[in-house]
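Below you'll find the structures, each written out as C-alpha cells.
Next, two complexes with chain A in common: one pairs it with chain B, the other with chain C.
Let's turn to the complex of A and B:
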C-alpha cells in the first residue's frame, strides 16, 4: 500500500510532485500568505480591498502612513472609523486567532498521530478538546469576571486537556495494537466529558447560550489580548514540539523499537503528550471545540512533503492555520448575516475525510502495515 | 567496562517471569565477538524473551544479561543502544519514509541531543545500505518495498547502529528460501568481517546448522544444548525437544547435518479405518510417482514409496501423505542403508507399482531391487511413454525393464489402467 493513510487527492498530489521539495514548500508558504491576506476582505460588511490595505497600513504605522485610511472616497469620518474598527478590531484578531488555533490543532494532531501510530488520531477525536472544553465550562460555574477570564481560561483548558491526555495514554498502553480501541476510548471519554459539561451548564443557566455557542467553535470572541495569550502558549508548545521531530521519527516505529535505538521512549511520549495537550488547550480556550483540523492537516503535509516529523510538525502547524482560516472564510461567505460557527465548517470537511481514511485503512489492514 | 576476557554477551542465571509464567529459568549463555549464535527451540521456549531481556524490554526477576561486561538494566538506554542493536520480528513503520532515512534512524544513539546527523552518520548509513545491496534504492519508501527488502533494511539499520552485539529475532520469517539464505549469508559475513557478535532466534534448524557457528537450544525456558551444530543436533534431541522424528543426514559436500523431521506415527491424527487394505509399494522419483501416490492413498491402499532422494517432489508428497519411505541424500547413488530400507519395504508389499520415472545411474538400483519379485507378487509398470525415453543409463534400465516384464510384470498406460488392474485383486472383499 502507499502512504500510511491519507486521502487521495491524486491529481493535485501528482501535479505537486513535479516540483521539488523546495518548490512544494514555496507553494505552501505563498499560498498560505495569500489566503491570509485575502481573508481580511471577507466579512458581513463589504469593504473594498484598497480600504482594508489602507486601514492596515494606517494602524501598523501608527497613523504615520495613510492618514485617511478610508481613502479619497467621500465618506463621513464616523463611517471611516467604523471601518477601521471592523478591520482592525474585529476581522484581524479573528483571522489571527484562526491561524493560531489552526496551527495549534495541526501540530497537536501530527504529534498524536505519531505518538500513537494512528492515522486517525486528532485532539478532537481523542477527547483532548472535550477535556479542555470541560475545563473552560468550569469557568462559567466559578463565575470568574471577564478581566481575569483571559488568564484563567487557558489554565483551566490545559488542566482539562492534560487530564484527558493521561487517560488516553493509559488506554493506549493497554491496547497498543488496535487503532480502533484508542479512538473508541477517545470517543467514550469525549462523550462522558460532554455530558458532565452539559450538567454544569444547565445547572447554571446564566450564560448557557454563550457557552453553547462557544462549544460549537467560533472566532467571534477574538481580541488582540486573547490572540497574544494564545500565540504565546502555541509558540511555546509548538516550538518545543518542533524540536522533537527526530524523536517522533523513532517513536512512530513503536516504543520498543524506539527504545532499542536509544530513545527514552516512555519519557518522551509523556512529554509530547503534555505539549500536545497544551497546544490543544490554547486553541480550545479561545475558539471552543473545533474538530478535524488536527486530523486533516498532517495528512495533507504527508502527501506533499513526506513523513519526516522534522518537517511534518511545523508544516502541519502551518497547514492547520491555513485550513482554519479558509474554513472561517467559508463560514462567513456561506451565511454572511449570521455568524456560522467555524467548527461546523471543519466538521463538514473533516468528517467525510475521516470516513474515507477509516475505510481506506480497513482495506489496507491485511498486509499488516498498520500498527 | 569491557574486559578482555569478557564475552560480548552473557546471560547469567537469568530468570524472567511474564505474568504467572516463568519464561526463562536460571539461564546461562555466552556469545563472543565474531560469532553467529543460533538460538533455537520450539514455540514458547523463551527465545524472544531472552532477546527482549537483553534489550531491557522485559525485566529480569533474577540474574542478568551482561553486554560487554555491564548488566543491561544498569546501562542507560542510550549507552545500551550503542552496544546492542535489535532486528525485531514484526516491525511496521507508520510513516512511509525513504529507506535511507530509515537506516539513518539507527544513528540516533550516536547523536548529541537535538543535533543533526553528521558526515560520519551518513557514511555509516551508506555503508550499511551498500552491505545489504539496497543503496541504489535508498529513496524508495519503507512501506513500498517487498518483505525481503524490508528485512534487509532492518538489518541495515542494525548494522548502521554500529554495535558490537546484534540480536535478530526470526530474521528469516516471511522470507522465501532464496532470501533466507541471502540474509543469513550477509549476517554471517558481517559477524566475521567486522568482529560482531550476532544472536539469531531461528526456527529452521537446517538454516541454523548451515550458518551458525554455534547452536543453543532452549526448551521451556531452559538451555538444553549448546555447541557446534554438528555436535548439538541429534535425532534424540529433536525427539525430546520438538517431539518429532527426524532423519538426520550429513551433507556430503559440507559435512553439515541436515534433517527432515516428521511427526511420530501416533500423532498423525485419525486415519481412515478401511478393512486393512493391501499394501502397495511405489517406486518413483522426480515427481513421476506423486499422482500415483495420491490416487492409491485415496483408493484405500496402504502405500509406501522409495527409494527417493531428499527434497524430491515424490518424497515431499509422500511425507505430506504420511507414507513410509526409503530415502537417500540428493544426487548420491543409493547407499547400502537406503537400499536396505527399500528392500524392507518391497518385502512387505503385496503389490509393486513402478512409476514412469527417469532412470539414471544414481537410482538404477531401484529397478535392480525389483528383479525376481514379479514372479511372486503383482508388479505394474506405468508406462505412458516407453522406457527408452527415460533411460539415462545407456540401456541398463531398458534391459532391466524387459527382464521384469519377462518375469510377469504388467505394463499399463496410465493411472486409470493401473486402478483397473489393481482393483480385482487388491480389493480385500473380493
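Let's turn to the complex of A and C:
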C-alpha cells in the first residue's frame, strides 16, 4: 500500500536518503546522542565544560577513558563529588527523561492524528494527558507508600489516559468528522477532569501540595530508576505502534475504503488508541502535563519526510525526543539561574503553532470540517 | 486482526497481551531498582552511625544527622532565624530563594532580614516554583534543614540519592518553635546562644500570664482577623487569607489574648470571603505588610471599607515576617507586639 498524499520530502530527507536505512538511523541516533551529551553542559550551576566532559567520560567508561572523575581541574573532594552528582545523577536522568517523554508524546501525537485523521489531534488537546494526570493525582491523594508508588503510578496514569481516550473515541465516532467537535470534546473532557482533580486536591491539603508541585510539570523528578520504568513502557508502546504504519496509511483513505481493503478499522483504531494512551501515560506519570509536543512533532516530520506513517511514527518519536530536549535547553539558557518548567517552553512554541495550523485549516476548509 | 480478511492468524494477535506483560515486567524491574524513588512516605533511618545523632523532626521522621555540621543548607526563613540567633550563621552555606522571575532572594526574605543576616544571592538555592537539586548539591551541604516548602519526594531524593540528611522543621504551634530550637541545639551542641531556649519560654510564659490575668479580671478577649494576604475584590475569587486551627498563626493570636475568627474553620489556611468576614465581625483586624503588601493592597479586598473593625480604626499593620515565619523572632518580637495591639492598656 502506498503512502497517502503528503508534503514532498524536503532537503534533509533527500540528504538522508543517500544513506541506507541503517545508515540513516545511525546518523539520527548519533545526532540524538550528541544532543543529549551537549545538553549535559547546560544547567543552573555553572560547571566548566572540561569537568562535565570528564565526568561523562569517567562514568561512561568506568574510569578507563578519564581516570580523574572531575578532570584536570583541582577540586576538593566534596566539590568533585557534587559535580559528579549534578552531571550524572541530576542532569543526565533529566535529559534522558526529556528524550523518553518527548518520544512518547511524539509517537502518541502521530498516532492520534492518524487515528482521528485530524492534524490537530494531540494527547494534550484531546484530554489524554489530563486523564493520565487525574490518575496520578488519585495516587497522590491515596498516599501510596514508597515501594508501591513507582509501580502504581504508571498504571494509574495509563488507566486515566485510556478511559479518556475511550470517551474521545466514542465522541469522535458520533461526531462524524467535524474537527471542532472533536477538539471541543477534548477540551470539555480536560476541563471536567481538571475539576475532578481540583476536588481531590482540595480534599487533602498535604496531597494537594504534592499535586501542585507535580502539575507544574518538568524534569526535576528524574532519576535513573524512573527513566528505566518510563523507557520500558515507551519502548513497548512505541515499538508496537511503529508496526502499525501501514494500517494508519490505510485509515487515511477513510474507514470505508480501509474496510474494503480488508482493514478492520474499528479494531485497529481501538488498539492504536490503547497504545497511544500507554505512551502518553508513561510521559505524564513522570514529567507531569507537557503540552504540544505531540502536536508539533508529527507536523515537523511530515514536512521533512512526507506523510507515510511507516516513517512518521518512528520519526515523530525521534523528533519529539529532540524537541523536548531542545525545549529544556532553551528553558535553561533563557533563565540560567531558574529552573523554568519545560512545559512553559513547549507551550510558548506549541500554542502559536497550533493557532497557525488552525488558521490555515480554516482558510482551506471554511466550514471547519475535514477536507 | 488487522489486515487479514481471510482469517489467518497474524503474529500481531498476541501483541497487546504481550505488551501488557512486558510493561508489567519492565515496571516491576524498574521499581525493584527504584531505591531512590518516593512520592509520599519517607523511609526511616537505620541506627545512628558514629559522629551522628538521631533526631525526630516535625514530620515525625527519625533522621541521623552529623553532630555539629559545618555546612548547612537552610530552606526556610524561620530556620535561618533560629540559626542566626543560635550563633550559627557562618554554617549556613545556602538559603531558599525564588526563581529570578519571582524576586530571587527577595521573594523569600525581607530587606531587613537580608541585611541583618548578611544574605547574598550566592547563597541561593531555588525552591520556587520547584526545588533546584543542582543548586542544592552545588553548596555541598552536610545537612539540609527545611520546612514544608520542599515536597516529600524531593526530601526523599535528597536524602536517599545523595546521602544528605534532611530535617524538616515546621512547627504548628508557638511551643513547637521552642521544640525546634531545642532540636537544633541537639544537632549543634557547641552552638553559642544557649540562653535562647530560656528566652523563648519566658516570652510564652509572659503572654500566658497576661492572658490569665486578663481572664481573671473578666476582660473579654477580642475577636481577631489576622490576615497575611488578600485576593483583590476584582479577582474571580476574592477574599482574606488567614490562619485556621492547628496553625502557628492561630496559636499566636490565642497566646496574645485574642480569638481568631477562623479558629473553627475546617481548613488550616482558609480564604474567607468578604461576607464571611462581615458576618464574623472581628473586633480587631491585623494585616501583614512587606513583600509588596501594604495598606493599599488590603484596601482592595472585598468589603474592607465596610468592616466595623476598619471603620472603628481597629485595623493595624504588622510586619509579615512576624506572623508568617514560625521562628524565634515571632516569639520574641511578634508575640509582644500582638499582645500590645490586642490589649493596649495591659
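Just so it is clear, the second predicted complex is superposed on the first by the 327 of 371 C-alpha atoms of A that agree within 3 Å, B and C clash if a C-alpha of one lies under 4 Å from a C-alpha of the other, contacts with A are read in each partner's own complex, and residues count from 1 in each chain.
Keep in mind that, in the parts below, a contact is a pair of C-beta atoms (placed from the backbone, for glycine too) under 8 Å apart; a residue touches a chain by one contact, two chains touch by 3 or more.
Note that the coordinates shown come from a computational prediction; the quantities given were computed from them, not determined experimentally.
S.K.: Once the structures are superposed on A, label A:335 by its partner contacts, choosing first (chain B), second (chain C), both or neither.
M.R.: second
S.K.: Contact-wise, after the overlay, does A:160 reach chain B, chain C, both or neither (first, second, both, neither)?
M.R.: In the superposition, A:160 contacts neither chain B nor chain C.
S.K.: Report for A:218: first if it touches chain B alone, second if chain C alone, otherwise both or neither.
M.R.: After superposition on chain A, A:218 lies in contact with chain C alone.
S.K.: In the superposed arrangement, does chain B or chain C reach more residues of chain A?
M.R.: The partner with more contacted residues on chain A is C.
S.K.: Taking the superposition on A as described, I'd like to know which of chain B and chain C A:308 touches: first, second, both or neither.
M.R.: The answer is first: A:308 touches chain B but not chain C.
S.K.: May I ask you to decide whether A:254 touches chain B, chain C, both, or neither, giving the answer as first, second, both or neither?
M.R.: In the superposed model, A:254 contacts chain B only, not chain C.
S.K.: Please indicate which partner A:117 is in contact with in the superposed arrangement: first for chain B, second for chain C, both, or neither.
M.R.: Touch partner of A:117: chain B, not chain C.
S.K.: For A:243, select first, second, both or neither according to whether it touches chain B, chain C, the two together, or no partner.
M.R.: both
S.K.: By the touch definition at the top of the document, which applies to A:264: first (chain B), second (chain C), both, or neither?
M.R.: both
S.K.: Shared contact residues on chain A for chain B and chain C?
M.R.: Residues 243, 246, 250, 261-264, which sit in both footprints.
S.K.: Mind pulling up the chain A residues that touch chain C in the complex?
M.R.: Where chain A meets chain C, its residues are 43-45, 78-79, 81-82, 85-86, 89-91, 139-140, 143-147, 149-151, 153-155, 205, 207, 209-210, 213, 216, 218, 220-221, 223-226, 228-229, 231-233, 235-237, 240, 243-244, 246-247, 250, 261-264, 267-268, 271, 274-275, 278, 335, 337-341.
S.K.: With touch defined as at the start, can you tell me which chain B residues reach chain A in the complex?
M.R.: 55-57, 77-78, 80-82, 84-86, 88, 90-98, 101, 105-106, 108-109, 111, 114, 141, 143-144, 161
S.K.: Which residues of chain A touch chain B once you look at their complex with the stated criterion?
M.R.: Residues of chain A touching chain B: 1-4, 113-114, 117, 119, 243, 246, 249-250, 252-254, 256-257, 259-264, 302, 306-309, 312, 368-371.
S.K.: Would you mind writing out the residues of chain C in touch with chain A in their complex?
M.R.: 1-5, 12, 15-16, 19, 22-23, 25-31, 33-43, 99-101, 104, 124, 126, 129-135, 137-138, 140, 148, 151-154, 156-157, 161-162, 267-269
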